[in-house]
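The structure that follows is given in the form of structure tokens.
Chain lettering (A, B, C and D) follows the sequence in which the chains are written, and residue indices restart at 1 in each chain.
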Amino acid sequence: MIRFECDYAEGAHERIIKRLVETNLEQTPGYGKDEYCEKARKVILDLCKNESAEVHFLVGGTQTNATVISATLRPHQGVISADTGHINGHESGAIEATGHKVLAIDNVDGKISAEQVERVYQQHWNDSAHEHLVQPGMVYISHPTETGMLYSKQELEALSKVCRKYSLPLFLDGARLGYALASEKSDVTLSDLANLCDVFYIGGTKVGALFGEAVVITHPMIKKDFRYFIKQKGGMLAKGRLLGIQFETLFEDGLYLSIAKHAVDLALEIKKAFQEKGCTFLYDSNTNQQFPILNNNIIVKLSAKYSFQEWEKIDNHYTAVRFCTSWATKEEDVKMLTQDIINL
Amino acid sequence: MIRFECDYAEGAHERIIKRLVETNLEQTPGYGKDEYCEKARKVILDLCKNESAEVHFLVGGTQTNATVISATLRPHQGVISADTGHINGHESGAIEATGHKVLAIDNVDGKISAEQVERVYQQHWNDSAHEHLVQPGMVYISHPTETGMLYSKQELEALSKVCRKYSLPLFLDGARLGYALASEKSDVTLSDLANLCDVFYIGGTKVGALFGEAVVITHPMIKKDFRYFIKQKGGMLAKGRLLGIQFETLFEDGLYLSIAKHAVDLALEIKKAFQEKGCTFLYDSNTNQQFPILNNNIIVKLSAKYSFQEWEKIDNHYTAVRFCTSWATKEEDVKMLTQDIINL
Amino acid sequence: MIRFECDYAEGAHERIIKRLVETNLEQTPGYGKDEYCEKARKVILDLCKNESAEVHFLVGGTQTNATVISATLRPHQGVISADTGHINGHESGAIEATGHKVLAIDNVDGKISAEQVERVYQQHWNDSAHEHLVQPGMVYISHPTETGMLYSKQELEALSKVCRKYSLPLFLDGARLGYALASEKSDVTLSDLANLCDVFYIGGTKVGALFGEAVVITHPMIKKDFRYFIKQKGGMLAKGRLLGIQFETLFEDGLYLSIAKHAVDLALEIKKAFQEKGCTFLYDSNTNQQFPILNNNIIVKLSAKYSFQEWEKIDNHYTAVRFCTSWATKEEDVKMLTQDIINL
Amino acid sequence: MIRFECDYAEGAHERIIKRLVETNLEQTPGYGKDEYCEKARKVILDLCKNESAEVHFLVGGTQTNATVISATLRPHQGVISADTGHINGHESGAIEATGHKVLAIDNVDGKISAEQVERVYQQHWNDSAHEHLVQPGMVYISHPTETGMLYSKQELEALSKVCRKYSLPLFLDGARLGYALASEKSDVTLSDLANLCDVFYIGGTKVGALFGEAVVITHPMIKKDFRYFIKQKGGMLAKGRLLGIQFETLFEDGLYLSIAKHAVDLALEIKKAFQEKGCTFLYDSNTNQQFPILNNNIIVKLSAKYSFQEWEKIDNHYTAVRFCTSWATKEEDVKMLTQDIINL
């Protein structure tokens, strides 16, 4: 079985493994206070072109989302999110467990717009009984979205502008950020994100690391005491150097982008094969996730050899599925798959 | 600088590293549903001699404590703990953040007794206004304690008996469990723990793993839906196999106990050296942590070459310190240290 | 200005006031342990024809909803509710503040159906990643709904059946329950509710009392330790007798139903007047709230003399408004209003 | 049975009852936005000599404590309190339920000192691992304390000074505030409290009202959005005017102080009788609670006619008890009691 079902099926990029082996018996202080974390922070800040931002390393995405949101909101506030947002549906209530409502709004391609945020804000404050409602307190977006789609720089600028106008911190979930940055259709850089967001994170788990998410904070209030939050929410790794070593390796000379590009290129080959076969797609993705709509017979046929996810039933005959590539996807596997698609 | 300041200064045992490297590019399902986790669960259950228990793997201790306690208590209940318990002082309020009070009681050597639990229970239920108080809902102990001390089997049996009498699940935090099991002064086995506790965990982070805690649950109510709790509290590692591989390696042929014994043996050599020098100790520990009381001049002298922790000020001239060994501590480092102690 | 804007504009029914005055200087034990509460509980249980149920008195609705839900769910569970449910929109996040997601689903007339609950349940458990989702743990409905509509006995039986099949406690918010019980279109009695629900409450605040909600619990797990929850959530009134006296007065000889009928009768007169004028309605309500759709000019005209709520904009010319009667609404005020409607 | 067991055994002062009856059928807006609340706020602010403070009315003490603390702290912070503080022991975990640890410290007469607060603060920030601890975020005191004792103005000034130095908001629980203000031994006024505290409340429940606590907030951050918190925590009374009317009546011409003085005077007569009988006291209280230490035989004898609370066992023969007077205590009852004491 060749797995295209997710982007976390393998371990880590060989250069990360090599560094972990080399440094294994070194003695370092715990909890992210070692020199590897220090170096990784510096490398990331350089790429962000932002000296005053803070970088923290956490273990996983759910944890990171809950920690950031908990550090940002007061108890009567909620977080605006696309209804398809990961925090709204796939984290077992981790956000609500910290006391906050997810204020879910309609999405287009998994995205929300500055106009929607403006509307939610106005609607809240124009309600004479607004004290009986959950106050919008921040905005959550993912880039790429759950469905592999990208915000343009212009869209992010508009969101950032409305968020700053209304003091709603903008939080970008970058669990798959590499696959956005590496897409040719993207005009957004790390430095743009550091400018436009109040807090965002760079996903390691799905882009070459064993695990790990690097949170970049520019908003002073969120920075304040953030390490307490990491500890309280269970995200402070005792051997924090494991995170430092991985992110240093990923960012010191462009590895992160190059392995992400590898994944995106292979995803586009899969896309092309399905296109040539006349398939339509649920989303017109240019990142590492592809969502062709397939006849159920085809799905059965492909499932004999490949694992991939059934995403959404279209009708009695057709289903949208997800093929996912990653930094670790092998070219020969994709070649075999595309050949099999063409021969269908 | 030679570090005796903690037991998580290095990476992982070389056999674990080897297995991680070997399996790195295998594709496995995520979130602990891979075969490595399956095997590790089986090996641990065999050692526990308990077929109906459940084993779950989490990343770190704070997370594990918050997850287990949150899955065990109803909202009006609190957890009885020694005032020195890790959950009472060193987790940034992680337990309270899940809504529960830590009902802290006096400790002896970091331990609490069945009699104390009985007393807390009776005191609560004999209070005519008990509905205005936090109801004791479970009991938390650590083995070894924060201060390196051990519960005897008899003490655990007494605690277990009173806990079952009053339906108070007994939770044992085994972040350093290896160093207890490996101590010659201990008469407690994994199988005893599975019999006497309702839930306990086997610490990996401090005993040979990169990270990881294996939770063993025997209580039906705590088992129920436990994976939701792991996910919600941010402890469900995407690449769960990393935990499976580590625990399989630690337990398949006794590695866990043998590396823990290494640490305890070296700790006892340090203890002996201080004893021969006429030092007294804050706690008479037989595990990997030693707490000699030293003259402040001596502390200054030793600090030039070794790092260790100042634990408690005794008076203006003396301070109790902590020397900590681990699975990774080198014999030559301990030899040098003991020689230096003798030459003081 | 004559107020039809809500059903809590006045104090309490004169018989309640009389009893409060008469008993004012009596000395009673606190916190609901007095004989008035005891008597009120008995009277209510008799009407419910359920001897094993428990009755508790709380101060207000938000508090009651948060307390009941918190006592019913485990932390990974959420509460299924109509998207228009009070807990979903109008309680400043009180439910989420106890850690739980409101699983909002589509409504018809503010109601949800057994089929929908079945579907939510099946969808959850059929998802292979259900541990990453919030588990449905109970069902919340209001009767009458936020929009004045009624569940039929048959609908409640169907809901109750599916809830029991799947062990999802059924919770009925009866903040305006009197106005349902007193409606000629209703075929549901208190005894039916005690049979079909696991927990429900009888609203006092909006039906003749100064304040107060009487919670009736039949589910053993929700009963357990419920007074701790009342105290913890701030709903345990020191002078609990105020609640006992009010509910005893409301229920000892049918006052509750008769004053509710007064309100419903007057509401139907208002409805009739608007109908005769050719108005359509947002909801075809047979309880104390009426939702005519009015031309904006008419709204301006009526607003000079009467206060009522703008509920929903229909288009640029029409708006649905809410006229609310209560136990305290004066017949002459309604007569004047209906005359003014006819003369429009 | 004559009750000295608590200060909430009766209803409300007759003037309050009279005003509630008079205004019963008036129509007012809900949720504290009526003119009675407005007037009551103004009267209280005048007495506080503070124009920029905010006054909010809540129903009960537990609710008020949880609401204020939740509005003040960020999630990683705890509240410093005497170990005897009401929030530490008698609120069923209401504070922890909002996610916060109560940082309990030793008390003297139920009080804590500026020096202690300084020490807790220093100890926290001097700990190199402070991020693993709960950060002290505010200070909670009661005046009078749970044990009837008083802070002097000097003590409050010292506390206020250290709190402001370290940005720790000072919160004073005045559930029995009247009995402090009315004591001849007190040199503290409402205006002093408004100057020295960041938030405090004036208890109505125990001093003449049916229920109700008036929160006075001077700290800008706690003011911000406070009504959302009241609503979320279930303390926003629909018929808010009930609170406004009561507090207006209590404060418009000194009723609050005069009825409190009545209670204190009677308490001191009881104190004197026990003193003359040679009794010692657990606390040397000058407010409405008295704590004589009595021989158990005497307790049995007095219990035949009077109810009072056993507070603390002293030894096998002696127990400290609590006699509590209130605004409603009758002079003839106290006369009878003091006579009975003398005749013992």
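Going forward, a contact is a pair of C-beta atoms (placed from the backbone, for glycine too) under 8 Å apart; a residue touches a chain by one contact, two chains touch by 3 or more.
Please read these numbers as outputs of a predicted model, since none were measured by experiment.
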Per mean C-alpha coordinates, the chain lying farthest from chain A is D
The chain pair with the larger count of contacting C-beta pairs, comparing B-D against B-C, is B-D
Chain-centre distance (mean CA atoms) for chain B and chain C, in whole Å, is 50
In whole angstrom, the CA-centroid distance of chain C from chain D equals 34
For the pair chain B and chain D, the C-alpha centroid-to-centroid distance in angstrom is 42
Residue ranges of chain B touching at least 2 other chains are 75-76, 91-93, 97-99, 131-132, 135, 228-229, 231-232
Seen from chain B, its contact residues with chain D in the complex are 75-76, 78, 89-93, 96-102, 129, 131-135
Touching chain D in the complex, chain A uses residues 31, 70-71, 74-76, 98-99, 131-132, 135, 225, 227-229, 231-232
The answer for chain A against chain B in the complex is residues 2-3, 6, 8-12, 14, 17, 20-21, 23-30, 59-64, 66-67, 91-94, 97-98, 205-206, 210-211, 228-229, 231-239, 242, 328
